[in-house]
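In what follows, chain A forms one complex with chain B and a second complex with chain C.
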Partner chain A sequence: MSAIVDLILGVVTSIGGFVEVGSISTSAQAGSEFGFELLWAVAAAGIMLAMLVEMGGRLAAVSKRSLAAAVRERFGIDFQIVPLSAEFIVDVLLLAAEVGGAAIAVKLLTGIGFQWWILPIGVLAWLVLWTCGFAVIEYGIGILGLVTLCFVVSAWKLGPDVADLGKSFVPTLSTHHHLRYAFLAVSIVGATVSPYLLNFYSSGTIEEKLKVEDLWVNTTTAYVGTMFGTVVSMGVLVSSAMVLGPRQIQVDSYEQAALMLVPAFGRWAIGLFAVSLGIGCFGAAVEIALNAGYVFAQVLGAPWGANKPRLSASRFTAAFTFVLLLSLAIALIGFDPLRVTMICVALTVVVMPAMVLPFLVLMNDDKYLRDHKNGPFRNGFLAVLTILGALLALVVIPLEIFGG
Partner chain B sequence: MDLVRDMLDKEVMDRHGREMGRADSVVLEIRQGAPPRVVAIDVGPSVLLARVAMFLGRWVTGLEHALGIAEGRPVRIPFEEILDQELEQEDHIKVDLAAGETAAAALESRARTWFSGIPGGS
Partner chain C sequence: MATLPACNRQDQQIQQHKEAFESLGATTEAICEAWLAGDVSGTYTHTALAQTFLLVEKERTALAAAPEALLDPRGATLSQQAEKLSRTLAALTADVSAADADAARRHLAEIPTKP
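Coming up: the complex of A and B.
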């Protein structure tokens, strides 16, 4: 019974927690500029995320080690310093972008400049991290995040042509602006497969004490939850394609992206968009900061856990506090959150091979996975993703310069 | 035993099952006419980062001095203190010490003082 409850909560959380600053901005830009053409990229990114998250959860459930801890043990610090440093940079920037996104959401609701909301949002995020256990953080924010289903409702009410949608799931080359198209396709992958998600999910599996016999919960949550979450991202893309695209509105601010909900929700549109953006970004900000605490403590072998009193895991507490403060400082400088987001998603793609490669080794190691090692299909996927990731990493910076 | 696979980077637990850190370095004694012998493990971020680059290790040592927690760090744990020496079979290294009695807990204690005045932390 408890496994069923965990499964339902896990799936709901995956849906509610899927959309955040990266997925909203990349999907909205893709829809407004290329119609439905990039739906395949959203679907492909969702499959990649589901498979990686499932492996991270399985590794944690069987070995009782998070991804960061397993990489430290298996590869040593000489290797780990590379993905660790890269993830730190991406996470700090992404956290700044998420806080900025949440601040813009409050600005949309109140009309007061977003810079004024950065510090209060940072303080609120820290208070959530200081006072709440894992279940409240994960499920509470995930359930609130169900408001993002408004993008799916919007897409449904707009009534897209089903045949057009179906065709868009087959990867094709764009008829115009090839570099921009390629950049957005790669960015969608970068926005979806965030490095922090992998360790966060595996740490969460340990926090929830998932047993090996309940591995099916992990598998189902990873695939079903991500699939439904991907549908929300697709809702953003379709709404943007049908509302912003025909009006030649290019999304270069979140205020413009909010207009995509107007035909479906009328005067409630801006408020709904703001609440969706706000909850999505705030939830992601809390998770990124929490994961920073996880990674720091796990790599050093210090006590960690959102279910532990904060003073009995004080290095873990200090780490998430430090990363939150650093990100707030960056957000307060006044960078455009949308620009920071697009830089983050490009950097995510650059670091992807270093994040994926350890999976290939760990998921085939008897010591960690015992009878639950990867089969040929999953290994093939990881090998393709590593090679593809390396190729994308090579092209993403030129694409950012010429197509971003 | 494979030192790199079975000892280096493994989590170190004290006799009460509390986390002390990881085996950040392994100390070997080089003996004339005999194979090297493991004499201790070192625990501490300065030796950990010194494995990446010496200047990083020195930088962490400087930081520990600045925080007033440098005394006794890195913590050197003699091999004899390791309780179960069949490390191939173990998920972690259990040692016959109490984390609180060594400098391994110094940063944890110092960080605790930063937050101790805030309600709801314990």
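Coming up: the complex of A and C.
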């Protein structure tokens, strides 16, 4: 019974926690500029994420180690410093973008400049991290995040042509703006497969004390939850394609993106968009900061866990506090959150091989996985993903600098 | 021969600016239409128009950063239209603040850069 409840909560959380600053920006831009054409990229990114989080959960359930702890133990700190530094940079920037996204959501509702909301949102995030246990953070935010289903309702109410939708799941080359199309395809993958998610998921599996005999819960949650979450991202893309696309509105700000819900929800539209953006970004911000605490404590071999009294896990607490402060400082400088998001997305693709390669070795190590090692399909998938990540990085950097 | 790639690049840049201004013109129209229909609040409309104004100014600066683009008749026309879009946005923002729907409808018809 407990496993079933865990499964339902896990799936609900995956749906509610899927959409955040990266997925909203990239899907909205893709839809407004290329119609349904990039739906295949959202689907492909969803499959990648589902497989990776399933592996992270399996690793944690079987070995009782999080991804960061296992990498440190298997490869040593001298090796781990490389992916760790890369992930740290991406996470700090992404956290700044998420706080900025949440601040813009409040701005949409109040009309008061988003810079004024950065500090209060940071303080609120820290209070949540200081006072709440894992279940409240994970399930509470996930359940609140179900409001993002409004994008799916919007897409459904707009009545897209099913044949057109179906055709869009086959990767094709765009008829116009090829570079922009490739950049957005890469961005969608980078926005979906965030490095923090892998360690966060494996640490969460340990926090929830998942047993090996309940691995099916991990598998089902990873695949079903991510699938439904991906549908929410697709809802953003379809709504944007059907509302903003025909008017040739390119999404350069969240104020523009908010208009996609107007035909479906009328006077509720802006409120729904703002609440969806706010909860999605705030939830992601809390998770990224929490994951920073996890990673640093795990690498240092110190006590960690959202269910532990914060003062008894001082390094864990200090790490999430430090990362949050650093991100707030970046956010307060007065950046454009949408721009920072796109930089994060590109950086994510750059660091992807550094994350995936050690993961591949671990997932085939008897010591960690015993009878639950990767099969040839999963190994192949990870190998392809790693190479793809490196190639995508080579494409995305010049695109971002010269043509993005 | 050597000027051909440069010409192509300039064509591309002007086309990109044109699309950006058309997008911002369409955005202005969509925001104001939603306000006139009662679908969005004055607070959102004011915020969204102010943001659109900033984006127009950013795009104008980018266009003016390449003097050769302004020497091109298409670039020069675009620059004038962009300036008019800025003024229309300022007028629309004032209309929304004054809750003057009639004036907003009048100014809406003056948006120069629609797709």
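In this text, the second predicted complex is superposed on the first by the 402 of 404 C-alpha atoms of A that agree within 3 Å, B and C clash if a C-alpha of one lies under 4 Å from a C-alpha of the other, contacts with A are read in each partner's own complex, and residues count from 1 in each chain.
Please note the rule applied: a contact is a pair of C-beta atoms (placed from the backbone, for glycine too) under 8 Å apart; a residue touches a chain by one contact, two chains touch by 3 or more.
Fair warning: this is a prediction, and the values are worked out from it, not measured in the lab.
After superposition onto chain A, partners chain B and chain C are found to sit side by side with no clash. When the two complexes are overlaid on their common chain A, residue A:H176 makes contact with neither chain B nor chain C. Look at A:D252: by the touch rule set out above, it reaches chain C but stays clear of chain B. Remark: in the superposition on chain A the angle formed at chain A by the CA centres of chain B and chain C amounts to 130 degrees, rounded in steps of 10. Minimum C-alpha separation, chain B to chain C, in the superposed model: 38 Å. Taken together, the two structures place no residue of chain A in contact with chain B in one case and with chain C in the other. Those residues of chain A lying in contact with chain B across their complex are 64, 69, 72-73, 76-78, 81, 130-131, 299-303, 309-312, 314-315, 317-318.
On the chain C side of its complex with chain A, the touching residues are 19-20, 22-24, 26-27, 29-31, 34, 38-41, 43-44, 46-48, 51-52, 55, 115. Residues 4, 8-12, 18-22, 24, 43, 45, 48-49, 51-52, 91, 107-109, 111-112, 114-116, 118, 120-122 of chain B are the ones that touch chain A when the two sit in their complex. Partner chain C is touched in their complex by these residues of chain A: 107-111, 247-250, 252-253, 255-256, 258-259, 262, 266-267, 269-270.
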